[in-house]
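Each of the next two complexes has chain A plus one other chain: chain B in the first, chain C in the second.
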Partner chain A sequence: MEQFKLNTRTSGSFTVVDLYGELDAHTAPRLEEVFQQLIAEQYYHIIVNCNSLTYISSAGLGVFMAYIEEVRQHGGDIKLTNMNSKVYNVFDLLGFPTLYDILKDEKEAISHFNSAK
Partner chain B sequence: MPKVDSHSIRIPASTEELSRVREFIADFAGQFGFTVQQTHEIQMAVDEACTNVIKHAYNYDETREIELSISYTSSNLIIKIVDQGKSFDPAVYTTPDLEERIKKRQRGGFGIYLMRSFMDEVEYSNEKGYNELRMMRKI
Partner chain C sequence: MSTLSERQSRFDLKTIIDTTRLLVESHDLDFIFNNLLLICMGKLLTPRAVVLLRTDNEHEYEVVKSKGLTGLYSGTNIRLTLPEKCGQQVTDLYSEEIESKLTDCDIRWLFPISTSNRLLGFLGLGNRSGNPELNPHEKEFLESITVLSAVGISNSQLFNELKETNRRMDMKVQELNTLFELSKEFNATVDREQILRIFKFALMGQFFIRTFFMVMKNGEGRITLPASSGLKEKFSEEELQQILSSCDKVEKVSDELIERIPALRANKIEALLPLKYEDEFHAVVGIGKRAGDNAYSETDYEFIQSVGNLTLLSVQKTYLLEEQVEKRRIEEDLKLARTIQLKLLPGQPPVVKGLDLFGQNLSSRQIGGDYYEILEDEGKIHCAIADVTGKGIPASLLMANLQSMFHALVPLHLDMSQTMGRLNEILYKNTTSDKFITFFWCTVDPANNKINYSNAGHNPPLRFRADNGEVEELREGGLLLGAMPTLKPYAIGSVNYQAGDVIVMYTDGVTEAMNEHEEEYGEQRLIECINSVKDRQAQSIWDAVTKDVTAFSGGDYGDDVTMLIIRITE
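Entry: the complex of A and B
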C-alpha cells in the first residue's frame, strides 16, 4: 500500500497541489479539504501534479468534478499534469480529457493559464 | 467440472480497508496471468463495489462486515462481494454524463459504470437479507 499524501505549494500566481499514492474513497476527503480551503482563500488557478499518483477511483474523480465549475466561474481552472498512463486511462474512459486540461507538466499548465488571460 | 479454488476475507465496512481489498485482489489476479493493467482494472471494479457497499448498503457503519471472495476456473476469475445491508442493485443505473454532472456540481455515479466497463459480467442477487454481487472477468 502506498500511503496517500498531498502537498500544496505556490508557483508564481498559481497553486500547485502535488498528489502522492492512492486516491480512493478513504483519501479523497483530504483532497476535498484542500480544494475547499483554496477556494475559500480565493486561489482559483490550481495545478494538480499527478506525477506520484498511483491510483484513482471514482471517489477521487468526484472531487475534481465537484469544484471545477466554481473555480471556473471565478476565472480560474483546475489543470491536471504529469499523469501516468494507468491513471490517465481512468480519466479518459469517463470523458475527462474533453472537459479538463490534462497536460504534460507544470510548465505547460502555466503556459495554458497565461494564454487564456 | 473445472477445478475451482477460492480465497476469501472479511473486512469491516470502512473505507480504510479499501487499500487492503486492492492488495488482496492484486495478490491473486497477478497469479492468474492478468497483466498489470488488467489487474488494475479488476482492483478498480472491486474497490468501486466495496465503496458502494460501505456507502449505500451500510451507510458508513464500520461495525458491519463485507465478505469478499475470489475464485477461478481455467477460464474465469470470479469475485463475490456479500453484505447484509440495504439492497443496492447495480443494474439500475444510467450511463453517466460527465458534462451534465459537472454543471450540476454532482459527483459520483461512475462506480457502477467502471465495474461494468472492467468486468465481463456483473450480477446482483438478494436472498434472505444477503446481497451478493458477483463479477466475472475472463482469463
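Entry: the complex of A and C
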C-alpha cells in the first residue's frame, strides 16, 4: 500500500495540491487541513492533481463536499485533474461530475479557470 | 436489365440488412427509434410517425420519439385503449374506426413492436395523400423492420437494465467499503473528534451532501453539536433539545416540523434520522439535499443509520475508556497515598527495657483515618491512638495533619494538657466542625513505672491489672479534637503500673466489627479475649484479638482496625 502524501505548490495564480496514494477515512483529515489552510490564506483557485492518487473512499470524497461551497462563494473553485479510471469511477458513481470540474490535466483546469473569469 | 420492382426489392433488402447491422452494433435506444421512424416514413412517404412504448401502467404509453406531430411530444405519456388484436398485427385505425389521440394526430396505421413473447409498444404511421391502402409488399417490409427493431429495443432495454443493476451493485459495494473502512478506522482510534469527523466526511462523500449535522448528549449529559458542515444558521439550544427529544424515527422535514424548529428551513435540512446506542444514549443526524438532485431512498436512510449507530457506539466507547483511565489514575493515586500513609505510621517499635510494645493498623480501604504512634523521647515513650471521622482521602489528610503536629509538639516538652489544648485549637481551625478526631495520648515513664495520659473522646483504652485481675478504663481527658475551641483544659490521668499489666488501645473498628446477625463484637468480647492471652507477648496478643475479630465478623470489618498494646514485662 502506497502511503498517502500530499504536496501543495503554486502555478501562477493557482494553487495545486498533488495527492499521492490512498485518500480514505484515515487520511481524509489531512486533506481537510490543507483546504482549511488554503481558505484561511484566501487561496480559492485550487487544482487537485490526482495523478498519483490510487484510491479514494467516500470519506475522501466528503472532504471535497465540505469545502466546495465556501471556495465557490469566494469566486474560486476546486478543480480535479489527471484522475485514473479507477478513481474516476468512484467519483462518477457517486455523482460528482455534475458538481465538480474533472479535467484532463492542469493546463485544461487553468484554461477553465481563465474562461470563467 | 432488372425491373423496377426487382430494384425496389433489392433496395428494401439492403435497408433491412443495414438496419440489422445497426441494431447489432448499437445499444442507443434513441438512435434505434430514430432509425425506425426515418426508414418507415421514407418508405411510406408519410410526414408523420411515432414510437410508443408500454409503461408499467395498463393502457398507458410513453411517446418515446415522434416526427411531424403536434400534440404528441417525446417524453409525454398518453392513455390508449386498443383492441387486443392490435398487439398481433398491423391495424388500420381508419377502417377499424378506432378513435383515439392517435387518429386526432392523423396516425392511421399501428404496427405492434413485439418480441416473440412480449409486446413492447407500437409504431404509428401517418396517413398519406390520396388515402391509399398499404400494399402487401409495403406491409411485409414494415413488419420486418418493426420486428427487427423490436429485438434491438428489447436488447437495449435489457442492456440498460443491466447497466443500472451494475451501478446499483457498485453503489452497494461502495457502501460496504465505507462501512468496512469506518469500522476499521473507529477501532483504531479513541479520538472522539476524529471519529465524528470521519463519519461526517463519509456521509457527505457517499451521498453527495453539503449540509450535515449531528446532535447528541455528551458524557456529562449536556446537549452538543459535535459535528456539522455547511450550516448557514445556528441552531438554538432549545432547537437542538427539540430535535433530540422529538425524533424517534426517520422524519422528513415537514412544515409542521419547521414551525417548531425554524433553523431546519434556513439550513435546508431534508430529513432527521435518530441514532441509538442501547436505550439511554442517542443522537440525531440531520442531512441536507443531495447535490445530484437524487432523492434519498429508504435504504439510504438505513445505511446512514447503521453507519451512525456504529459512530455512536465508537463515541460511547471513548467515554467509557476515559472513565476507565480516570478510575485507574485515581487507583494509582490512592495506592501512592497508602504508601505515604504507611510511612506516617511507626515502623518497628523501639526496644525499651521492661516494656513490650506492639501496634498495627488494618485498613479496610486503601487509605483511612486511623492513626497510632510510638515515639521515644528522652527516656520516655509516647504512645497515641486516634480515629478521624469519615473515611478515605479526607480522613487521611486530617490524619497526616495530626501526625505532623504530634511529631512537632512532643519534642517541645510542653505540659501534656497544654499540648492537647493546642492540638485541639489547631485542628478546630483546620477543619469544619463536622470533622473531628478522637485521640488518646499517653507517656510511659519506665524510670518511675508511671503512665500519664489524656483521652480526647477516644474509646477508653483498657488496663488489665496483674495484681487483682481487674480491667480499668482510661477515661480522663476532655472533648474530642477539632470540634470546638478549647474551653476547659484537658484533664490528665495517671497510672502507676506494675509488671504483668497490659494496656490495650484500640479504635472502634475492633469493637464495632459485626457478625452476620448484625451484632457488634463489643468491649466484653474484647476483654474476654485479651484475658485469655494476656500472658503472651504484645504481638501475640494483637494477633489473637484480630483473629478472634476476624472469626466473629467473617473477615468483613466495616472500618479500619487499629490496636496498640503495651505490656509491662518487669
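Here is the rule we use: the second predicted complex is superposed on the first by the 117 of 117 C-alpha atoms of A that agree within 3 Å, B and C clash if a C-alpha of one lies under 4 Å from a C-alpha of the other, contacts with A are read in each partner's own complex, and residues count from 1 in each chain.
To be clear about the criterion, contacts are C-beta pairs under 8 Å (C-beta built on N, C-alpha and C of every residue); 3 or more make two chains touch, one makes a residue touch a chain.
Source: prediction; values computed, not measured.
Residue contacts after overlaying the shared chain place A:Glu69 against chain B and chain C alike. Legend: residue contacts after superposition of the two complexes on their common chain; A:Ile39 is shown touching neither chain B nor chain C. In the superposition on chain A, A:Gly60 makes contact with chain C only, not with chain B. Contacts of A:Lys86 after superposition on the shared chain: chain B is touched, whereas chain C is not. Once chain A of one complex is fitted onto chain A of the other, the partner contacts of A:Gly95 extend to both chain B and chain C.
By the touch criterion defined above, A:Ala25 lies against chain B and chain C together after alignment on the C-alpha atoms of chain A. On chain A, the surface patch touched by chain B in one complex and by chain C in the other comprises residues 24-26, 57-59, 61-63, 65-66, 68-69, 89-90, 93-96, 99. Taken in their complex, chain B has these residues touching chain A: 14-16, 18-20, 22-23, 36-37, 40, 43-44, 47-48, 51, 54-55, 96, 98-99, 101-103, 105-111, 113-114, 117. Per the touch definition, chain A reaches chain C in the complex via residues 24-26, 28-29, 32, 57-66, 68-69, 89-90, 93-96, 98-99.
Against chain B, in their complex, chain A makes its touches with residues 1, 22, 24-26, 55, 57-59, 61-63, 65-66, 68-70, 86, 89-90, 93-96, 99. By the touch criterion stated above, chain C contacts chain A in their complex at residues 167, 170-171, 174, 177-178, 181-182, 184-185, 188, 194, 197-198, 200-210, 229-230, 290-292, 294.
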